[in-house]
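Please see the structure below; I have some questions.
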Amino acid sequence: MKTKILLTGFEPFGGEPINPSWELAQALATSHWSEEYFTAAVHAVQLPCVFGRSLQMLDLALAQFKPDMVLAIGQAAGRSELSLERVAINVDDARIPDNAGQSPVDEPILTAGPAAYFTTLPIKAMAAAVQAEGIPAGISQTAGTYVCNHVFYGLQHRCVASGVRSGFMHIPLLPEQAVRLPGKPSMPLALMVQGTRAALRAALAHTHDIKAVGGAED
Amino acid sequence: MKTKILLTGFEPFGGEPINPSWELAQALATSHWSEEYFTAAVHAVQLPCVFGRSLQMLDLALAQFKPDMVLAIGQAAGRSELSLERVAINVDDARIPDNAGQSPVDEPILTAGPAAYFTTLPIKAMAAAVQAEGIPAGISQTAGTYVCNHVFYGLQHRCVASGVRSGFMHIPLLPEQAVRLPGKPSMPLALMVQGTRAALRAALAHTHDIKAVGGAED
Amino acid sequence: MKTKILLTGFEPFGGEPINPSWELAQALATSHWSEEYFTAAVHAVQLPCVFGRSLQMLDLALAQFKPDMVLAIGQAAGRSELSLERVAINVDDARIPDNAGQSPVDEPILTAGPAAYFTTLPIKAMAAAVQAEGIPAGISQTAGTYVCNHVFYGLQHRCVASGVRSGFMHIPLLPEQAVRLPGKPSMPLALMVQGTRAALRAALAHTHDIKAVGGAED
Amino acid sequence: MKTKILLTGFEPFGGEPINPSWELAQALATSHWSEEYFTAAVHAVQLPCVFGRSLQMLDLALAQFKPDMVLAIGQAAGRSELSLERVAINVDDARIPDNAGQSPVDEPILTAGPAAYFTTLPIKAMAAAVQAEGIPAGISQTAGTYVCNHVFYGLQHRCVASGVRSGFMHIPLLPEQAVRLPGKPSMPLALMVQGTRAALRAALAHTHDIKAVGGAED
């Protein structure tokens, strides 16, 4: 029986017409790549860039697909690599309003929830697998305090009980977005697809993560 | 009776001859500024840049001074402002060895400890107070995974039980360090002293933090 | 009769095993793209990353191919876009040795030569054409003081007399290089090829440059 | 007889309420520091951030003070050090309008003027003297294409004939400006004053520049 992988991407936000995270999730789900390489079925769902509602949509998707593994994906303008997130923290602090106009400041995502959840994906093995394809990848120590972190925290809270492995990956802008944002790094969709495939294969292959440096001094 | 504030700074690391965090902690403790402004006594202690031993030294200092408030301070080459840390995470992941040659990778600081501790200092009020002096300040969502985060996590673990308010602040390089590290921002010690005084006064004045934006999208 | 375009790329330097500028020049010259789009013949030549010798090689190539247009290309680690250079200055100042071990400091490229030469390519039209393909491009106000600027200055000096239009373009690292240089932006070769084709077509189409902003405050 | 040094600073632009370049020029001219250290008289004049008019004001100042040396100073948001400019280029290309609403694009500053002028100040010696004070300093290969470069080019054109040594220095934001521009480096005025004094003393002491690396690969 096939492993079921759920990918989530976001709708556009912050004035951008597209969101590479949804382009990527769709591209991975609609292609038949999974069949060729391993016995996984990949589903994609788009989440609104809205505190609260994004997690309601995630609940629906989890109930519908009953995935064995979940990778939530989000756009990170300014990053140059596939960026595997280490930890989600229990706080919403919005510098810009979400797509429903909400700007929570220092509010817990889950009252009485733990301060943070670590990823349960083997992110060091995933980053190494992406790099082995010649594609830049790395570990990130913060997913921010906006809707990306909100979904990441909510996802981990839901999955930790059920034993589903889950995590979050930030990705660069697409080149066509960077045209309008001079100086921002970018990565074409095809490279993101190739890299994420390698990351997912590594996630399936590694029950426990490898020991590889991915830290930061500050 | 005076409020007792403990400041910690680090010994130099990463090839640098000095560490601005210890210069700053010393300057604040040895001056008589506190008397003029509020009834606090400020003590400073230097911590080794060593996983484990730094927390043993912290234990000694906490036992000796019995502070009402603790601000641990560390150097962050590349940051341009007084940077109030929001959260400490339960992991050591050393990109470079510590001063005792240790390079832990993905090891918990406290086995079975919580994934993270939030600061218990009013960091938004503190940042606003620094800015009101015309000195750059901000909120940071990650203290890294090196000895700074190690001390921050250990500090919060020790203080959360006792009700002592505590937190961590990263600071820029000193100008004389930036001379040897072209392109890195810096801040003179006198400005750091002035800004940290304002931050500490705000911490004493605010039992609860103010609502002010300090988040990040990613 | 076909327009003859000479492209130059560099051999690797600075410890890198490849140089994207030579990969790009080769890819453009060996493909049959030019025939399909316009009547140009594209030749590529590799220059050594060596002060002096690079210009001797350029002289040979100019004598052999007798091009109508020349675009010299070089690697710029840290840039995220196809970067059209505006001006070459008459100075060598090497922070790192060239591939022959030379480190000239503040020496003129051409004694009694003019302080600078502007590009004679329509760089604003070229950048706009690249961007119209959804590929990041921009104008740069400095080509540095290393071998890239050396070749650019020498090229302009040689071409200004003969009426051959010429200029210089810096390009990002390839993704496989950025894997080893965390945090550096990159661009895949295929995107560079597509963008440079658009730039060259624009250069052929515009005898005079368009008016489009491409400046910098500092 | 005293050496006469003219310093120029700019009025604020780009929405900023102050311009550190004028604060610095004033501070240096109004203090009596010069008498103590060497026999120089320092005058300061404010230039409008306006293409054309800035050079008319410069002409008046040159005629009035008849300086032996001129250092024009300008603000560079984003730079972290005292930044000695190497070269001025003969082009105006305004990304944002000047204070009179002008936005020239690719227009020569001086029709039929040379493409560029090099500084005639010993910028390597000046940078070294600033660094010896423990203050970050460096060499820059571009002064941009805005009013700073406009004044620098105009200054060199005027001084090259008369034998007056002249040049341009970009400086960071002041800390109080960086409070409103998160992430931008800054330097307090007192440090800028100390560093610029050291730079000017070095300029007076060195008729010819020292050999010291200050180049860039790109």
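We call the chains A, B, C and D, going by the order they appear; numbering starts again at 1 in every chain.
Definition applied: a contact is a pair of C-beta atoms (placed from the backbone, for glycine too) under 8 Å apart; a residue touches a chain by one contact, two chains touch by 3 or more.
A quick map from chain label to UniProt name: A, B, C, D = Pyrrolidone-carboxylate peptidase.
Nothing here was measured: the structure is a model prediction, and the numbers come from that model.
Asks: Chains touching subunit A and subunit C alike, please list them.
Replies: none
Asks: Return the chain whose centre of C-alpha atoms lies at maximal distance from the corresponding centre of subunit C.
Replies: Of all chains, B has its centre farthest from that of subunit C.
Asks: What's the distance between the Cα centroids of subunit B and subunit C, rounded to whole Å?
Replies: Once rounded, the distance between the two centres reads 47 Å.
Asks: Any idea how many Å lie between the Cα centroids of subunit B and subunit D?
Replies: Comparing mean C-alpha positions, subunit D is 37 Å from subunit B.
Asks: Distance-wise, how many Å sit between the C-alpha centres of subunit C and subunit D, to the nearest whole number?
Replies: 31
Asks: Check each residue of subunit A and list the ones that touch at least two other chains.
Replies: none
Asks: Building nodes from the protein chains and edges from chain pairs that touch, which of line, ring, star, complete or other describes the result?
Replies: Drawn as a graph, the chains make one closed cycle, so a ring.
Asks: Show me, using the given definition of touch, all chain pairs that touch one another.
Replies: A-B, A-C, B-D, C-D
Asks: Considering the complex alone, what residue numbers of subunit A touch subunit B?
Replies: Residue list for subunit A touching subunit B: 14, 74-79, 86-87, 89, 91-96, 103, 105-106, 114-118, 124, 139, 141-146, 148, 170, 209, 211-218.
Asks: For subunit B, which residues are in contact with subunit D within the complex?
Replies: Residue positions touching the partner: 80-81, 131, 134-138, 175-176, 178-179, 182-188, 190-191.
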